[in-house]
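A, B, C, D, E and F are the chain letters, set down in written order, and residue numbers restart from 1 in every chain.
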Amino acid sequence: MTNSPVTARPFAPASRLWADLSGPALTSLLTERSIAVVPIGAIEHHGPHLPLRTDALVAEAVATAAVERVAAQGIDAWLLPTITCAKSDEHHWAPGTLWLEGTTVLDVLIDLGRSIAATPARTVVFINGHGGNVMLLGWANRELRRRFGLRTFSMPAGVGGPGDGLDGRPDERGQGIHGGFAETSVVMHLAPHLVAPEMPARNVPEHIAGLKHIGFNGKPVMFGWTSDDFGPEGVIGDATGANAEYGAELFARGVDFVCEALAEIEGFVFG
Amino acid sequence: MTNSPVTARPFAPASRLWADLSGPALTSLLTERSIAVVPIGAIEHHGPHLPLRTDALVAEAVATAAVERVAAQGIDAWLLPTITCAKSDEHHWAPGTLWLEGTTVLDVLIDLGRSIAATPARTVVFINGHGGNVMLLGWANRELRRRFGLRTFSMPAGVGGPGDGLDGRPDERGQGIHGGFAETSVVMHLAPHLVAPEMPARNVPEHIAGLKHIGFNGKPVMFGWTSDDFGPEGVIGDATGANAEYGAELFARGVDFVCEALAEIEGFVFG
Amino acid sequence: MTNSPVTARPFAPASRLWADLSGPALTSLLTERSIAVVPIGAIEHHGPHLPLRTDALVAEAVATAAVERVAAQGIDAWLLPTITCAKSDEHHWAPGTLWLEGTTVLDVLIDLGRSIAATPARTVVFINGHGGNVMLLGWANRELRRRFGLRTFSMPAGVGGPGDGLDGRPDERGQGIHGGFAETSVVMHLAPHLVAPEMPARNVPEHIAGLKHIGFNGKPVMFGWTSDDFGPEGVIGDATGANAEYGAELFARGVDFVCEALAEIEGFVFG
Amino acid sequence: MTNSPVTARPFAPASRLWADLSGPALTSLLTERSIAVVPIGAIEHHGPHLPLRTDALVAEAVATAAVERVAAQGIDAWLLPTITCAKSDEHHWAPGTLWLEGTTVLDVLIDLGRSIAATPARTVVFINGHGGNVMLLGWANRELRRRFGLRTFSMPAGVGGPGDGLDGRPDERGQGIHGGFAETSVVMHLAPHLVAPEMPARNVPEHIAGLKHIGFNGKPVMFGWTSDDFGPEGVIGDATGANAEYGAELFARGVDFVCEALAEIEGFVFG
Amino acid sequence: MTNSPVTARPFAPASRLWADLSGPALTSLLTERSIAVVPIGAIEHHGPHLPLRTDALVAEAVATAAVERVAAQGIDAWLLPTITCAKSDEHHWAPGTLWLEGTTVLDVLIDLGRSIAATPARTVVFINGHGGNVMLLGWANRELRRRFGLRTFSMPAGVGGPGDGLDGRPDERGQGIHGGFAETSVVMHLAPHLVAPEMPARNVPEHIAGLKHIGFNGKPVMFGWTSDDFGPEGVIGDATGANAEYGAELFARGVDFVCEALAEIEGFVFG
Amino acid sequence: MTNSPVTARPFAPASRLWADLSGPALTSLLTERSIAVVPIGAIEHHGPHLPLRTDALVAEAVATAAVERVAAQGIDAWLLPTITCAKSDEHHWAPGTLWLEGTTVLDVLIDLGRSIAATPARTVVFINGHGGNVMLLGWANRELRRRFGLRTFSMPAGVGGPGDGLDGRPDERGQGIHGGFAETSVVMHLAPHLVAPEMPARNVPEHIAGLKHIGFNGKPVMFGWTSDDFGPEGVIGDATGANAEYGAELFARGVDFVCEALAEIEGFVFG
């Protein structure tokens, strides 16, 4: 008639945050179907109009919303603390950027993988808010797979291709990758008080848009740029006319995408 | 009669968060008297009753409150993002702990120092919520000084000596260092919904309390313990009777201490 | 009437191979417009029908042909020795694979960059025959830019997107990425004596082809696969019907692409 | 009636020095109760009056005396070679200092731990003569515990708190931490021929002594100082009146402390 | 009546090149008696008359000839891809040199060893064309033995002692170690089109030849030279009169030596 | 008539030990002609009859005697602390050996080089008692030269070739490299109380002595041996009949050699 200590579940708050749980609660709740979701952003120069934490803000907001939604749908996703500072060496020239060496971030990810592999969870998903992390995450996916046997995935917080990946204005010609129309709109939606009332001047690298092979995303030739290659303000794109309404739409689209992707991952790994 | 672009200040929100600023705003606002305040915690097993993020929670809460207060008093302190995962190798055995190798954390701190040194700020203060980071921070203080010329300081988020450093119950005999009366009380104050209604059994290592030379803090002989040395629950102390009132008092005392220390640092460096 | 020693040019053979030159000849011939072209491949399992050196073979063949052609057109390209063994951790399970840790390859590339930066050349282009190197090269591009001020580019030896990147059979559904129709055809063109007379069974991961978000290339969700995830033979694709004629066509297309890209790079950097 | 080869003990000299033994003798004599005692010092600037090897001298002398005494009392302690050069980055500015990067020393300690773990001994005790090693040793204690399962301890060669730890003159106000009254007295006792006849001028950082939170030892705020912060001579304290008699007393007290601590360690680990 | 798939041997070309095989062919053909032969050279300044790839050229040519000959004699030797760039820090000052940090090369060799240890082969032999690699290879031999249990050997591509090791002119007094008579002759034999028609001036460090203890090879005192210590051309020796006939003789002698040595190794390991 | 502070020399004891000096004395006494002499040994298994510290003992004794003698002859040599534990991975299997990873020792040497380069001395000489350090020292010589501009040399403590390098009994056939006749004799001379009364059985690897190319020293093929390849006692040689008289002679010869070599170095660098 009594609850034996053996069957008693440790206390667990109603939360999908990994670190809100106690260790025993986490061990008790997680299973091999659990998915560890890790937002990763950046603290880096985004022009005079956006906060340094733009990428961390977006990654965390999208991942938080997505984890809550998919968890309600029965996917056992858990949100780990956001990796705020990451691989921002392309903005190393700009004071305020908190950039880590790529190998430092890789070590952080490997150590996280080792820690996660000590729990029942076998799947890790990185939700990435910063284009400069894409290569690193592709690399880390494989390290964590080989070293710890984890199933690993990475995806942008937005809906575009690899990179910052948010849809911009047509006249940005696909070059609105840093502090441009889309990103500015999303921050205006998420944290309007952090956005300057004045937008910086349009700064679209037309010469790159016109190239056939070399480009930021979706073209076959990658190049080792730093953000001051395109002007002293470190903006690549055109934030003119950015607005919170469009930001809300993009944000919703980003959350939808991540939710769909998490569901697809669950089917792919366990289905 | 017009604002020349040269003299125009970049937009800056009313915030003491480093990463809320844009890069140009940060460059414009910070001076050589600015102090970069970095909370550092841990995500680690704290027994069945406390969340994994206990140390990160406390460090961030204390640092946030302190930065706001001292800034209002004219000290130019800025809060950087919390380092959530750090050196928790003493809890590596406990699933849920997200522990980084010590050398990984050291690299993170060195990279942060390099980034901060690229701004006008010359002073860094670590507010530490986790005893296992103390040695690392002492080491990092000197690395950042030697490598980048920064003035560096580290202190516990609480008022005790080096370590988790919060006052416990007298009958914990100074051994309430992990998940004990004081720490549990503070979390009950800061995040009551994350604390289990039942406290774990008292687990005070009486044999250590009785030693003359060996001990956790304040004794001359250090030792290489892991938290499962003291029982399977990973608690060291006695959380019985912990309460939010005492937690609020301790928290206030911690914030007072950090504020006083920041003021003392300002006088020491610039006075 | 005499050749003064000062104006005498060091002897240089008629060659576009960097290492065919003597040190003084190289110093004398290269200018700030020179482009160092570095083929990078892999020595890794490619199924029972293809040689381990498939990726190194293709990268070197394409790069050699392209450097000769563009040099004849007045682009000052120089071919460095092929990096044969590289980041093949996804095939680490397969005996014969000579895989280097990613960080080892990164160190090799950084050291190469340092060496190249000591010459008049300021531009480096990696011609890559192995999909597993793509992330690494994107990372290395930026390291060499930041550390040594080099202008850096990377591209596939073929014409596809990032990765092995050669067109396959339509019924491979875009999954013919390793030992499939296209790659086998190219090796049949370049080194027919190294290709087995019997092709392995079709091995197209249909379940991945059908996914919306997760995929090898061109889809937004990357994953940490190893090649034995898709069957014991380590082939991903369908080599049935591969033939040297199609291989010749693909090879020609690859060389055309690299030549065009090198010309575009010259215009981009110096134009 | 004959000694069988199996039971024959290898020859062993009457010595408590680990390295005086042969390998087989060490294997034969050591048991799981054996304690490996490792003195660690520094070769670093100690002002114009003290030898560079002050810290190595004191650590070795104290450890040697203590091992002999406790061995005579039945504690199976063995003295390993002194680590002479260690973490002296706070004196890197001073010619003559032989300083190792902290990570180098950490690697040395990890390698030593691996070696010790291959013998029957399971316990390691560091006797430390240099305050700058304290953090490192606390860190190393845990690494050796986690990696090799060793029981690890560290303690100052003197009787004070963490740091150089010897009692000074009252008017040094607790700041006599480097080349001050106590340390000079001990060297006058141990190696009078190495001490200059003239003492440097008093150099007590009064401004620090008067601080409430920031300090060298025993105060909660640590800071990243280098020894030239306190004047060009690199002395912190007041050696005026130092004398061999007081040095002898301090030395005896240090040996007593270490002996007591070793006995306590034995009881703690094996009792 | 049919060949069952189980007993079918994978296709293998008639080649002794490791990387010409497919993975399954390699697994099928190699046994524990197989010997992995790894040529290692350098891309480094060799004076105005020799190509940068002199050492890689010689190592590869000698190793290729030797592997073919011993394989025909029943020794199961397999040739791996040449390591072209290696430890050339003594020529780091000379543009064109592609030098890797010693630790980078060591990591490459360790990774290769790990890969080879995953095949049936248990023996690795390095054929070295560059004196600057000798120490590194001696070190690597032991690392690969200890870490992976491989039997490891290293030898010069020529017949001399450790180092570049080719016989020179008597009046070079044993100092013809870099771009001198012997090496130049061998390159004239192997790649006459890459050798300048004019030889550089004699540059024999007579002062070293006359020393009793200090020297390049065969003397007990080693020293940390760089090749510009001996003049701006980076040549050490006297190439006057070098000729392809003598080069052919030296090359033949080098191949004979390596063949003999490989046979001796087989007897030593397996005999 | 008064001593001006400018001309006052800091106190310096009558000692040639670097670390006996104070920092200011060292700065005052050393010049660009000063030579930093660093003994390096090993703590490793040397059979059942010799102490683990054999190599450290010999290196330190030879170096000490040599520095005193050449200093009396006007060469400004200074003795640094002995590096006792070094690269002994070939004895890693034998309990009692204190072996460091090769890269750890390399880091120690680089850090020492950085420290020495901060003094007036520009020349470093390693006196080596352990064959396993030879490759490492050759490597380190070049690193210290390239990184810090130091003139660097390494030599055996004995008179033989590279390696332990002491003459043995003729019937050891040149294989008495570890715990054999010569080394045992030297230890009987230097520390008779540490040598066992019974010598181990003769253990000369005749099969190696008979080889033409493969060997420990002076043969062109190096191999990756560990000392247990030659029997369980870890001895390579024949200590039978070893005696202190011969040891005294060898020791004297070793000191003579090192003195001659130091004089030659002085002439080579400064002459």
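One rule holds in what follows: a contact is a pair of C-beta atoms (placed from the backbone, for glycine too) under 8 Å apart; a residue touches a chain by one contact, two chains touch by 3 or more.
As the structure is a prediction and not an experimental result, all values here were calculated from the model.
**Student:** Which listed pair, B-D, C-E or A-C, shares over half of the residue-numbered contact pairs seen at D-F?
**Tutor:** C-E
**Student:** Using the average of all C-alpha atoms in each chain as its centre, how far is it in Å between chain C and chain D?
**Tutor:** Their C-alpha centroids are separated by 55 Å.
**Student:** What is the distance, in whole Å, between the centres of chain A and chain D, each centre taken as the mean of its C-alpha atoms?
**Tutor:** Chain A and chain D have C-alpha centres separated by 48 Å.
**Student:** When the C-alpha atoms of chain A and chain B are each averaged to a single point, how far apart are the two points in Å?
**Tutor:** For chain A versus chain B, the centre distance works out to 26 Å.
**Student:** By the touch rule stated above, which residues of chain D touch at least two different other chains?
**Tutor:** Only 92, 103 qualify.
**Student:** With chains as vertices joined when they touch, what's the shape: line, ring, star, complete or other?
**Tutor:** ring
**Student:** List the ring in order: which chains come, beginning at chain E and going next to chain F?
**Tutor:** E, F, D, B, A, C
**Student:** Can you tell me which positions in chain E touch chain C when the two form their complex?
**Tutor:** These residues of chain E touch chain C: 10-11, 13, 15, 17-27, 43-53, 56, 80-81, 84-85, 92, 94-101, 103-104, 107-108, 111-112, 115-116, 118-120, 193-194, 196-198, 233-234.
**Student:** Spell out the part of chain C that touches chain A in their complex, as residue ranges.
**Tutor:** Residue list for chain C touching chain A: 89-90, 92, 102-103, 106, 132, 134-146, 150-156, 159-162, 165, 207-208, 211-214, 218, 220-226, 257, 260-261, 264-265, 268.
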